[in-house]
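Below is the structure I would like to discuss, written out as structure tokens.
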Amino acid sequence: MSAVSLRVENLRVWYRTLRGDVQALDDVTFAVADGEIMGLAGESGCGKSTLGKSLIRLDGRMRYVDGTVELDGKELPIWDTGKMNGFRFREVSIIPQYAMSAMNPTRKIGKLVEDLLESRGVGFAGMRAELDRRLELVELSHDVLDRYPIELSGGMKQRMVMVLSTLLNPSLLIADEVTSALDVSTQKAVAETLVGFRDRGFVKSMIVITHDVSLVYQIADSIMVMYAGKLAEKAPTDVLVDAPRHPYTQLLISSLPEVGVKYADKRLTGIPGTPPSLLRPPVGCRFRDRCPLAFEKCLEEPPFVEIEPDHFVACWKAS
Amino acid sequence: MTVSDQEDLVAVAPAAPVVTAAPVTSMRAGREALYFARRNRKLVAGLTVVLLFLVVAIVGPLLTDHGPNEYVGPPAQRPSSQYWFGTTMFGQDVFAQFTHGLRSTFLVGLLGGGLAAFIGMLIGFTAGYRGGVVDEVLNMITNVVLVIPTLAVLLVIATYLRVRGVIPEAVFIGLFSWPWVARAIRAQTFSLRSRDFVDLARLSGASGRKIILREIAPNMSSYLFMTFILLFGGAVLIAATLDFIGLGPTEGISLGLMMNNAVLWSALPLGMWWWFVPPGLGITVIVGSLYIMNVGLDEVFNPKLREM
Amino acid sequence: MRRYFGRKLLIYAVTFFVAVTVDWMIPRFMPGDPIQTMLSRASLRPEANQALQAYYTNVFGLDLPVWRQYLNFWTALLHGDLGVSIWLFPQPVTKVIMRAIPYTLALLVPAILLSWFAGNKFGAYAARRKWLDNTVLPVGYVLTATPYMWLGILLAWLLATVAGIFPIAGGYSFALEPAWSWAFIGSLLRHWFLPFASLFLVGFGGWAIGMRNMIIYELEADYAHYLESLGAPRRLVRRYAFRNALLPQLTGLALQLGVIVAGALVTEIVFSYPGLGYLVLQAINNQDFFLIQGAFLFIIVGVLLANFLVDVVYVMVDPRTRTGMRGGS
Amino acid sequence: MRNKLRLLIVLSVVSLLAACTGGGSDTPSTGQGQGTGAAPAGTYPRNETLYISGTQWGPPNSWNPITDWQYATGTEGLVYENLFLFDPLKNEYKPWLAESGDWTSKNVYELKLRPGLTWSDGKPLTSADVVFTFELGKFETVPYHNLWSWLDKAEAVDAQTVRFTFSEPLYQQWGNHLYNRPIIPKHLWEGRDEKTVATGANEKPVGSGPYLYQTHSQDRMVWVKNDKWWGKTALNLDPKPKYIVDIVNSNNNAALGLVLQGGIDLSNNFLPGIATLVKGGYQVQTYFPEPPYMLSANTAWLVMNTAKKPMSDPAFRKALAYSIDVNKIVNGVYGQIVRPANPTGLLPNWDQFIDKSQVNQLGFKYDPAQAKKLLADAGYKNTGGDSFLEGPGGAKIELNLIVPNGWTDWMESIRVIGESARAVGIKVNTQFPEYQALVDARNKGDFDLLINNEKQVSNSPWEYYDYMFRLPVQDTQSVANFGRYENNKAWDLVQQLDKTPVDDVAAMKKVTSQLQKIQLTDMPVIPLWYNGAWAQANTSVWTGWPSAKDGDSHYAPVTWRNWLELGGILTLTELKLAEAK
């Protein structure tokens, strides 16, 4: 694949809670190439959404610990909300989980877009033509701009948000559980639209966060699996699906008889136990207690190494 | 309506909670709430103050061997070691009056607030759960009572009664301060009614009453509690107003009555501040801490608001 | 939207009807005989007393059958006639009340509006600004928890009795006759200020707190987070949050009206400000039920109107009502 | 938002203006007050204005001298005048409009008016006006209608002389009429129908007195001096203040505050704590420099419902009288600004009518032991096990003592009475019903015990005895004998007293002594204390207030309804401006 677009190195992001720090992202290192759509999968609470968020906006309780994020060679100052503003929307953008309620209910959508653009120093008038074009693209009539969010159906809102988030052609788009709220048929449409955006060059690269492996299977070039705040495995889609190397990935895939219908979200019935608390994570491999293959070496932390081109795994057995 | 109703609740009393639909039923959540409760400064502080006054209200009167209205000391004495809060024009012990007044204040709060909460819930739940015509009717009643200024009605009732006591006063206050609660609870019930755990109960053939008591109410328990606190404060303030106008209890004593007497007996020009400052201060502090307590509770039950 | 208003109007209509009926009952079902009370003030010889008793009973139409009295009350009411005051006989109740109304309005209208706007502005400003929040919160809570009359008493004592900066009582200086002179207007203002201040402060605290809490909810709302993720400046987000938070505050205003009016009444009493509240107290002390009746009706109608006003404003600012899609949990 | 705020300022200003116009709407615009609006821009110069308060209990609303329970105080006395004044301090009639008046025969009274009397509109005041005034009483609804049941005719002999011929002369009552009937201008009232006369508001009153209507609003009544007043020459009296501003009673705070700050020159309010302030160097003066500070205005009675057990038992009533610690009320509640009543209840100015020796022998005083003894002797025993007595038949005794809610001094007082009574074993509860409810219960005889002081000081103790003994008892007793005490002998004596000429003091004494004997042995009502003629004067602007000090004038410095003709008016004429310091 071509040049690297996003490079994340040793990223650590913790959650502040009264009980102490939850180490939601621990020493995460990976890269996304230009034009790559990377699926990001894992159980809920594995840190995938945290990763997504931390690339664009840390919320009140998230704390940047260390690590670097580079986008198109420029470093993203993700620890500094103020500095980060410059990159948001223009360089990095997000389609949030809550697209249904992402728009101010008391503002006409057009006005909302205008306010937003103007506030970012972009003339609304100048963008109008492009905006209309993209609305057509997602099969929204222009007059949605004169309506209030409450007047739109779920699917319409979803598409509106997609258009809005990508309006400034960001280099990286984070799509966080974009389909979970929708019914299967529209899911497909949305997924295709995402690809369409990439192909039309509205966005360079994309991280599609989901618990629906089947979805990423359809649209992603590569898939990255997380477990308990750490990366488990990253590989090109087919490789990961056909020949997963990490025991967790294997269980994840095998638990879906035929890729597609089921969600990896529900606790893996096959495996006894639950993911470890990230308040005081265990030393060594975090999958240890549940891992069928676990052995004493697992007490040391396995590195996330490239065992073959573009295929990274964090498991002593894999290497 | 629910959107605005939720909002109503917030706006009604400044400290009013917006209910986050997150049900706090499971033990874990319960324990967690307790955990945060103990660490919430607002809640702890507010609670402490209220309890402190409660203790004074309960114990205080026992410290004085004379009734609140007896002439015990020399008239118009400044606070002294003998009379901690000084004495009135007639040499009544202001401290004794204050502590007894606190009692009636708490009584009015509990009784009035409690009654209002009860009626509010009764109507709110029924309207919200049954819906349809019942809802329409109840909603109409609610709105009517809502618009009529409580005090105006209480004025009339008060003038009507020849002899008045604290308890009837509390009851009447309760009878007229429930509407906003009813509306808010109705809104909540609406949103909960369609939840699957309610459906489940309904399928399992539970009676409406059971469902409300077992499924819906518990899910709003935190919220109902906060509502009661607000009603408590409200009742206390209304009572104070009535008493001050001279329509309070014709027997016994209350904080509002103390202020009323202080003004009637021109404590201001005579500079007898110790007569009119304590009662007002008492009410303010109690109600104030109740409100602050409420914000605390809100933060406890409502993770979004917790400041880390 | 038409349905929305239709519903509201119906509610107001019913309320009005109920209120008027209750109102009508006041003098008739109170213990004792108002006429006898009035005459008991005149130390008359028994003979004269009986003659007058009969005469006045007839004047007040209290000798008619009850249902007749009720109908007459409505007809009279629709002609804006609320009967004759007993305490201030032979003054018509409407006239007596009309004299007091301007003072009450002069207190209420500015106090309500100013405290509402200022409170909201301030609360919004304080929200999520640590040190301000920590100072505003407590003060605000203390203020809203303060009984109106107590604040009034304190102000009266400190600023009028002790410091002597402001007058103790009355609507304008006792040395003046109403006139379009600066002296007179100034005097009006000086007498107006303290009662206004106590109303304003209590209200201010309440609204500030309310807004502060609302804003915090709004800033945590999804749309706020989305905007921030798209790098929208704080200003924009806060502007939206404020706008949205105003709506519940508006409904709150409607709900609080009754309480505020009550507050005005007691405040007037503290400063013996010649408004409606002071009048009501006098009417009560003098058991002039016809006057109480009138005042009661005025208050209710006032509150009803104000409520309706708020409704209209609400519809103007909240699209959800306008698009007829209000609510729907 | 800023512009919104601006809008608000505008709003509030607007509403303020509303207030101005509203406040003004009910008053004639400056200077139109009977064409005497000398006041520049409607301000009253402090050194020409007398501020009084404590007389007007509500917005001025009527200037009709006939309805003497609701006219703006001052209507009678300042505007409309009486034939005589009566000075209760000296017990003498002072000729006023009348120059003299005599009983020319047993039932003919001849009245001479002063020459040169004029109405404020310039017309002369003659005997025709006097006749007219009295003949108005022929209207059923005019309060003094019953005068005509014993007055036969009133006729003008000449411009100055009026002859009254009585079918049955009631000298005491007549004496009362002489200073209580404000004289009304015939030329303005002729042809007014009964309704207007009996209930009209009579705006813009035209009288003969030293002051004229200037203006009024809810919280004040303003009078302006009548420069053409006949009294200047005829009486050689001249009230100094050009304006009298009568401030409607607000609350005690305001009143006392204003008095202390010199905002009120004379307050006839009951102002608690005044005793302490008189000594406080506030330039506040009362009639007596030391307790009781105030003159006595009326007697507060404990009225017992004698139609009910056990109040129907004289022994019980007497015991109750002995049980009450009046001094505790006088000192505790009133701070000594009232004085305990004489056992006869007669006011100090009727001292000559009190049969001292008889009082010493029959009179009661605070003596719990004696009270207990009386009760025991009369067969009241504690058989119920509680700490209270039961009646001779073993009937439970639990009495309610009531005063109107909000009458704070009385509310405090009956707490004391309740305690006293309980101390001797009589269970008395205190209750504070609303005034109206109380009046109702009182008139219907549906009460146990209450306090009443409706009879004011007057020209004759007859008023008091009429109040105690009036018969027959009707189902509603609206003005007298609330206790429903029936004693024909007493009532005969009262009527006999009424028929005794006012100047025949000896004859009067003979009757009153017998009445007192009945009263003291039978105790139909219990006299408690003398309410004061509350008067607190601030001397910072006006001096020359009446007081007990010799050298000062001795009048009742009271401007209450019906008190101007008891000397209040003379208080005004005695005032001087304080020397500017």
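Letters A, B, C and D mark the chains in the order given here, with residues in each chain numbered from 1 onward.
In this section, contacts are C-beta pairs under 8 Å (C-beta built on N, C-alpha and C of every residue); 3 or more make two chains touch, one makes a residue touch a chain.
Keep in mind it's a predicted model, so treat the numbers as computed, not measured.
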item: Any chain that touches chain D and chain C; value: B
item: Pair with more cross-chain C-beta pairs in contact, given A-C and B-C; value: B-C
item: Innermost chain, taking as reference the mean of every protein Cα atom displayed; value: C
item: Chain A-chain B separation of Cα centroids, rounded to whole Å; value: 48
item: Centre distance in Å when chain A and chain D are each reduced to the mean of their C-alpha atoms; value: 91
item: Gap in Å, rounded to a whole number, between the CA centres of chain C and chain A; value: 55
item: Chain centre separation (chain B, chain C; CA means) in Å; value: 22
item: Sequence positions of chain B contacting 2 or more other chains; value: 159, 162, 246, 263, 268-269
item: Multi-chain contact sites of chain C, meaning residues that touch two or more partners; value: 30-31, 156, 161, 247, 269, 285, 287, 318, 320
item: Of all residues in chain A, the ones touching two or more other chains; value: none
item: In the complex, chain B residues that touch chain C; value: 1-8, 10-16, 18, 140, 143-144, 146-153, 155-156, 159-160, 162, 180, 187, 190-191, 194, 233, 237-238, 240-241, 244-247, 256, 259, 262-263, 268-269, 271, 273, 276-277, 279-281, 283-288, 290-292, 295, 298, 304-305
item: Contacting residues of chain B [partner chain D, same complex]; value: 69, 71, 75-76, 89-91, 159, 162-163, 246, 250-251, 261, 263-270
item: Parts of chain D lying in touch with chain B, wherever the complex brings them together; value: 251-253, 255-257, 260, 271-273, 276-277, 328, 332-333, 335, 405-406, 408, 412, 415-416, 431-434, 437
item: List of chain D residues in touch with chain C within their complex; value: 1, 4-5, 8, 11-12, 15-16, 18-27, 29-30, 39, 41-44, 46, 49, 51, 57-59, 61-62, 67-70, 140-146, 149, 198-201, 215, 217-220, 222, 245, 247, 250-251, 253-254, 257-258, 261, 263, 406, 433-441, 443, 454-456, 470, 474, 476, 478-480
item: Chain C to chain B touching residues, read off their complex; value: 10-12, 14-15, 18-19, 22, 26, 29-31, 137-138, 140-142, 144-151, 153-154, 156-157, 161-162, 205-210, 213-214, 216-217, 220, 247-253, 255-259, 261-263, 265-266, 269-270, 280-281, 284-285, 287, 289, 292, 296, 299-300, 303-304, 307, 314, 318, 320-321, 326-329
